[in-house]
Amino acid sequence: MTGFSFDAVAAILFIPAGAAAVLATMPNYRMTAAVNVAASLLTLLAALSLFVTERPAPGQYLLIDDLNIVFIVLNTFVGFTTSVFSASYIGHELETGRLTAPNLRFYHAMYQIMMFGMNLAFVSNNIGLMWVAVELATLTTVLMVGIYRTHEALEAAWKYFILGSVGIALALFGTILVYMAAQPVVGEGTNAMVWSVLIEKAAHFDPALLSVAFIFLLLGYGTKVGLAPLHAWLPDAHAEGPTPISAVLSGLLLNVALYAVLRFKLLLAANPQAIGPGPLMVTMGLTSLIFAAFMLYRRRDIKRLFAYSSIEHMGIIVFAFGMGGPLANFAGLLHMVMHSLTKSAIFFAVGHIAQVKGTQKISEIRGLTESHPGLGWALVIGVVAIAGLPPLGIFMSEFLVVSSTFARHPWLAIPLVFGLLIAFGALLLRLTGVAFGEPRGGMAPVEASYVPMYSHLALVFAAGIYLPAPLVAWFQHVAGILG
Amino acid sequence: MISTVALLLCGPAALLGTAILAAAASRHAAATRLVYGAALVISAALLVTVAGHLAGNPGEVSAITLPLGLPWTGARFRLDGLSAFFLVVVNLGGAITSLYGLGYGRHESAPHRVLPFYPAFLAGMNLVVLANDAFSFLLSWEFMSLASWALVMAHHRDEANRRAGTIYLVMASFGTMALLLAFGLLAGPAGTYAFDAMRTAHPDRFAAGAVLVLMLLGAGSKAGLVPLHAWLPLAHPAAPSHVSALMSGIMTKVAIYGFIRVVFDLLGEPAWWSGIAVLLIGGVTAVLGILHALMEKDLKRLLAYSTIENIGVIFASLGLALAFKANAMPSAAALAFTAALFHVLNHSFFKSLLFFGAGAVLSATGERDMEKLGGLIHRLPVTSFVFLVGCVSISALPPFNGFASEWLVFQAILLSPELPQWGLKVIVPAVGGMLALSAALAAACFVKAFGITFLGRARSAAVERAHEVDRWSLAAMAVLATFCLLAGILPGFVIDGLSPVTLSLIGDRMPVQMAEPWLSIVPIAESRSSYNGLLVFVFIAISASLAAFFIHRFASHALRRGIAWGCGFADAVPAAQYTAVSFAQPIRRVFGGFAFRARETVEMPAPGALEPARLKVDMHDVTWEIFYQPITGAIDFATERLNHLQFLTIRRYLTLVFLYLVILLLVLALWP
Amino acid sequence: MAVIFDLAVQGAQMLSVLLLAPLLIGFVRKVKARLVRRQGPSVIQPYRDLVRLMRKEVVLADNASWLFRVTPYLIFAATWVAAALVPTFATGLEFSWAADLIVIVALLGSARFFQALAGMDVGTSFGGIGASREVMIASLAEPAMLLIVFSLALVAGATQLSTVAAFMGSPQVGLRVSLGMSLIALVMVAVAENARIPVDNPATHLELTMVHEAMILEYSGRHLAMIELASFLKLLLYMSLISCVFLPWGLESAATGPRSLAIGAAAYLGKLAVLAILLAVFETAVAKMRVFRVPDFLGAALMLALLGTLLLFVSRSL
Amino acid sequence: MSGLTFDIAHLLAGSLVLISFMMLYQDRLFALINVFALHAVVLALSVAWQAYIQDAHHLYITAGIALVFKAIVIPVGLHRIIQRLGIHRDIETAVGIGPTMLAGIGLVTLSMVLMLRVTPEADPLAREDLAFALSIILLGLLVMVTRRNAVSQVVGFMSLENGLVLAATGAKGMPLVVEISVAFSILIAFIVIGVFLFRIRERFDSVDVGALDDYRGERR
């Protein structure tokens, strides 16, 4: 039985890797797209099998626990839906000649490598391995952001690349420091990097070293989370890359980095003398939230708009985890899941909109609910959801964050609410402009599969009304660990 | 035996089902009739169920917890006296509105943007009233806002409507945030979101004060308290008329329900100053609201502003009830509270009626601007009659219902000298004066509304083409008019019907009214004050008919039609009539100075010059300029400044990262 | 038996106000004429006017609606009921509990409401002028009146006129600042409500200065008679109000029997005469003010009334 | 561990910091690159020394990489790029040399303070090494943010990465060091090629990073 379940983990890793190898050699883009979808589906199934099979004992490199199982399933699921979406998206890009067949081969291979990297980051039980995996995922996305080879795309990719590399370096230094802190206690060698070992012994580590380490890790991985003022790469990368990649970036990659930050927060939480990660994260979260909220107003490019909204939500999530406590942590986890689903759904819609309207300029898109009801209302629901209105999932998490914060630290809740309202105003303004009014821009009917975005929205809706018991149990357990 | 609340929950469920079906089949021809028919039936069924509950055992409470919503709390619903009363308000309004919609909906230009959201809106309001934990409450509350927002955006091609919708939803979520914070305080760090738990846990004085303020912000912004009312006169008229009726007549009442539920029920014993706050806000809201209404020339906006006035009246008497309750004067508190609830019911009647009338005018002439109407009494006889009934009721004139409730409010005010606190002693009479003023102004306002719209001569060609509206609409309006009269001449029934609510929330009730001779109402003692709407009505009827009889018996019957006296000029053009603006001019000169910073400038041509003299009036929406423009300005400023961060070079961004790193390291180095 | 007696008294009251009203007007006019050394019309001239109007044909404007024709009866009925509810020669009448002071104010309010509507019905600018000015005046006079009612109610502990009158008759009243203020306010309001000088001139027909007359400009014949009678009743009502509240001497409960009723009636007539003379003197003494001075005049009344009420809230003995 | 080995390790690490300061001081591209080459050489020495004293033989590979790749290949490549671009004129420093030096000193003290808070139980060699490594990293960042020129930014980044390698090798028995250093070399190669590509494709008229930024997608 354990044997099989280990296979499940292995499958999660090797299916994408193998698929990448295969895709790199396939000529026909339709077939590559199909294979891409198939591989993603298989990965998803493998991930789902983790629920039924019992979990393997944590090894030196791999680990499955309550925390990452949710992430993995979410990751593979969004990965799958995105691959479906990109299959219907890429065709149009090929027609318009923005991409060529070789581009596509490269694109699909990269897509699988990225999935591999992210899954590896989740299942890895070794902070060094996790670092490598995160960087792998980052670099692949850099390449995909630049895939259009346009001035803007390359420029965005370059910015992403430079800032990312610095982040990489900082994170690595943090990792080294953690090793140094662990080494005297745990002893030399790989064990001093095995997370499940570290978390047990963390109480005896050198607090000062841990604190410095956490700052570097927070900045390093925080760069990828997109926390202000480390966010600079995020908007352009979202805006200039292919939309499926924007969806994956917002929906998944940010989560990967966040996951890394959380792991290390756990480590620090286990060591009482070290600097409390809470205040740092709360500050960063609030800064990002309010900053992004204001930035939302002057946006002209619809994808950049939603990129900033991702920053805003990352801010909320980091804030929630910074607050700590069962309610806030629960809310943070829930918010993260809901945000991935919603934001990727929004990007699916935006992708098709940009295709039918032939532009990403907000000012040139009007009256979508008239011209393209399917897309328009999907966008409306998506934005309503992302703005934290009921009966959709994000409302529940925001409800928990705000109310619990106000009960504990009223003065923290005020800026939080302030930021939320500012952001809401901006999103609503833009939504009103885009979805209502006299239709403007291309009227061509969409040839798009609504399945991915509406399935996401359906999930978000369901979660807003009803959370299944096992999910709640996991979240509560994890929230307990997160302290 | 299935519990009543479970039975009641089937209603919203059915409404949501209807909404989904409507979304699917909204473009079908029969959809309109089906949706409104279904809504009518469901609301009526809910009404019957609640009525049965009230008739059977009004004191009884039935609760249920569904495995939905917040995992560890569940979705809790509860039916008690208060929610039962408001369910009556909601579903009575809903049923009649659906009846009206059966006819009015046919004129809808974009049914697919109205039909799906209309039942959802009704369902949302029902759920708010039933909810028994913070999460379900806010969920339903915001869902209600969302559905009504969609309805406001129904005619989205109009720029003004889009703006209205945006402002509305922003204000709505502002209110929700305030409520969220209030519930956060009530729930405490442990997060006990169930209302039952909140009831037992009494917050300390500061927390209680904060909750009251937050409730005034949250519920007040939805009900339209000044200065949070800015969205209301924009959003209510923007929606289709029957939806406007729902928003003005019913949704504001749901907001009041929220306020009562938290402040009177969950918060425990109030502090005496809480009464002052609510009283003052209520009084100011009443006066400012009706003054704005007087200055309006758009019929539906006028009605929306008058909603604000009535909300003010209701809040003022709620404040009175709070003050009495805080000073352990239960009977007085019961009187004030009953007055408030009675006015809630009445306002839901006549405001819906008036909006229906406005809708009828709109569908008959296509005009909302009173300056283009006039003389409709000849074209729409029935509509004009019921509209007149509505105007008389809302102007608080006997023997109609508006007067009955305002009379109770005044009686409550007259009890307040017994209050010990000096603050209250000074505030209450001032507020009484404000209420009296607003009542008088309301009469003036509706003289204008009816006079300019229905009387005089037609001011535009659209009026000549107008025809009486369909039977459904007329039926709905007639029903409401009847209710206005009945509630006015038989207030005793309503007051006794409200006793369970006051008993449960105040702990006392007004004396039983049905026992009084001749069905008159006696709040305290007959020697003190009493009012018999029925008798007044009968007297007026008798004496009027007596007079008519004698006239026709003894006086001449001769009657001749002639042209009106035009000061020697034969038949002046209709434009020479008094317009809405000119009608309001004397009052503007009296009150405009401080309320609107109104300025009049007259340009007289030189003697002998032929160009016309011009009178220019410029008015300001003071609350907007004081409270809202600074905010928008600040946001503009901030965004403009921050936006530069989007345009930096990579090196600058790196510098940001670098500085951040160094700062954090410094913090760490200085860490104790 | 007692019930029948009470009913009879009530009926007598209603009839008497109806019959007395024109006489009162005639008397006022007579006194005014005398004051300016004119002969003046006979005291019963108003009756003659009414009868003549009854006989004349009605000239209706072409576009007058049914409302225009119904209004006179409504105005008359509302005013009459209101007048009938004010104790004149006796308190505690059969139906006095059917309505209190607030209701009486409101009844007059509804009469005004319909009058203003009727003024706008024909669609001439005069009607508009009259209606808009009338509601402007009312919007200040009504709150003032209500505040007066408040202070009376606070003193007497009731809004029930019979109770108030009985209380004012009782020795425990004494002299109170607040009552003085409300008396002045009440007089000012009464002047405004009855369209007397200096607020309005009942005799003028110069369009730009009229308020009440402008509204009823289009009325003629029996309709005009109804409205005129209603305005007579209104004057009577205010006078009886003032007399029963501030000069309650000789006012006894109707249950006390015929003799006291007779005394009450005599006293009542006396009071009316005094008030009428005072009114006439006042009207001849002052000049009519500009329409837009009226708000200041009534604002003063409002402030006085509010002050009176405040004083009472602060201390019941003031 | 004998004092001598300890001192030598110290000497090397310290001299690395010193060389970083020299980089701050340089205002010519060629000179900068040469200094960097020196930096790489010293790094290679210190890594080798660590390999010797920890007798961890895989570290020799890292040392080799540092020597061959960073001390020779990259500098030569950069030289050629500069030739191609003809930008062997002054570096446009964003901040004057003086302030930069001062900031550098401040950074070094900061890192010292931070690391000296570490309890002495930690291996003292590692502790001192860390202090040096941290200062090298911060100085590298400083170079990146005070220089306008893409090439010098690359150089700054590489010196930063040298600091990382120093720290990694200083950490006894740390796994994956070699892999990481390889990965980083690849990363740097990417960056260098990126700079190079942008030039060759005639996409940007200079490798002044400012030129990369003139389009923000939302330029008004």
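For clarity, chains are labelled A, B, C and D in written order, and residue numbers in each chain start from 1.
To be clear about the criterion, a residue touches a chain if its C-beta (ideal position, glycine included) is under 8 Å from a C-beta of that chain, and two chains touch if they have at least 3 such contacts.
If you're wondering where the values come from, they're calculated on a predicted model, not measured in any experiment.
**Q** If I drop chain B from the contact graph, what connected components are left?
**A** A, D | C
**Q** Looking across all chain pairs, point out the one with the most C-beta pairs in contact.
**A** Pair with the most C-beta pairs in contact: B-C.
**Q** Taking each chain's centre as the mean of its CA atoms, which one is farthest from the centre of chain D?
**A** Result for the farthest chain: C.
**Q** Suppose each chain is reduced to the average of its Cα coordinates; what separation in Å results between chain A and chain D?
**A** 31
**Q** With centres defined as the mean C-alpha position, give me the chain A-chain C separation in Å.
**A** Computed value for the inter-centroid distance: 78 Å.
**Q** State, to the nearest whole Å, the distance from the C-alpha centre of chain B to the C-alpha centre of chain D.
**A** Using C-alpha averages as centres, the distance is 69 Å.
**Q** How far is the middle of chain B from the middle of chain C, if each middle is the mean of its Cα atoms, in Å?
**A** Spacing between the chain centres: roughly 35 Å.
**Q** Indicate the residues of chain A shared as contacts by at least two other chains.
**A** 158-159, 162, 166, 212, 235, 298
**Q** Residues of chain B that touch two or more other chains: which are they?
**A** Within chain B, residues 646, 648, 650, 654, 661, 665, 668 contact more than one other chain.
**Q** Residues of chain C that touch two or more other chains: which are they?
**A** Residues of chain C never touch two or more of the other chains.
**Q** Tell me, which pairs of chains are in touch?
**A** Chains touch in the following pairs: A-B, A-D, B-C, B-D.
**Q** Which part of chain A faces chain B closely enough to touch in the complex?
**A** By the definition above, chain A touches chain B via 158-159, 162-163, 166-167, 170, 211-212, 215-216, 218-219, 223, 229-230, 232-233, 235, 275, 280, 291, 294-295, 297-298, 325, 327, 367, 369, 384, 387, 389-391, 395-396, 399-400, 402-408, 413, 417, 420-422, 424-425, 428-429, 432, 436-438, 464-467, 469, 472.
**Q** Touching chain D in the complex: which residues of chain B?
**A** Against chain D, the touching part of chain B is residues 646-651, 654-655, 658, 661-662, 665-666, 668-669.
**Q** Can you list the chain B residues touching chain C in their complex?
**A** 374-375, 377-378, 381, 388, 392, 395-398, 403, 407, 410-411, 413-414, 416-417, 425-426, 428-430, 432-433, 436-437, 439-441, 443-444, 447-448, 450-452, 455-457, 518, 520, 526-532, 535-536, 539-541, 543-544, 547-548, 551, 554-556, 558-567, 572, 574, 576-578, 582-587, 589-590
**Q** Chain B touches which residues of chain C in the complex?
**A** Against chain B, the touching part of chain C is residues 54-63, 65-67, 73-74, 76-78, 80-81, 84, 95, 97-100, 102-103, 106-107, 109-110, 112-113, 116-117, 120-129, 131-133, 135-136, 138-143, 146-147, 150, 153-154, 157-160, 163, 207, 217-218, 221-222, 225-226, 291-292, 295, 302, 306, 309-310, 312-314, 316.
**Q** So in the complex, the part of chain D that touches chain A is made up of which residues?
**A** Listed in rising order, the residues of chain D that touch chain A are 114-115, 117-119, 121-123, 126, 130, 133-134, 137, 141, 144, 153, 157, 160-161, 163-164, 167-168, 171-176, 179-180, 183, 187, 190-191, 194, 198, 203, 212-213, 215-218.
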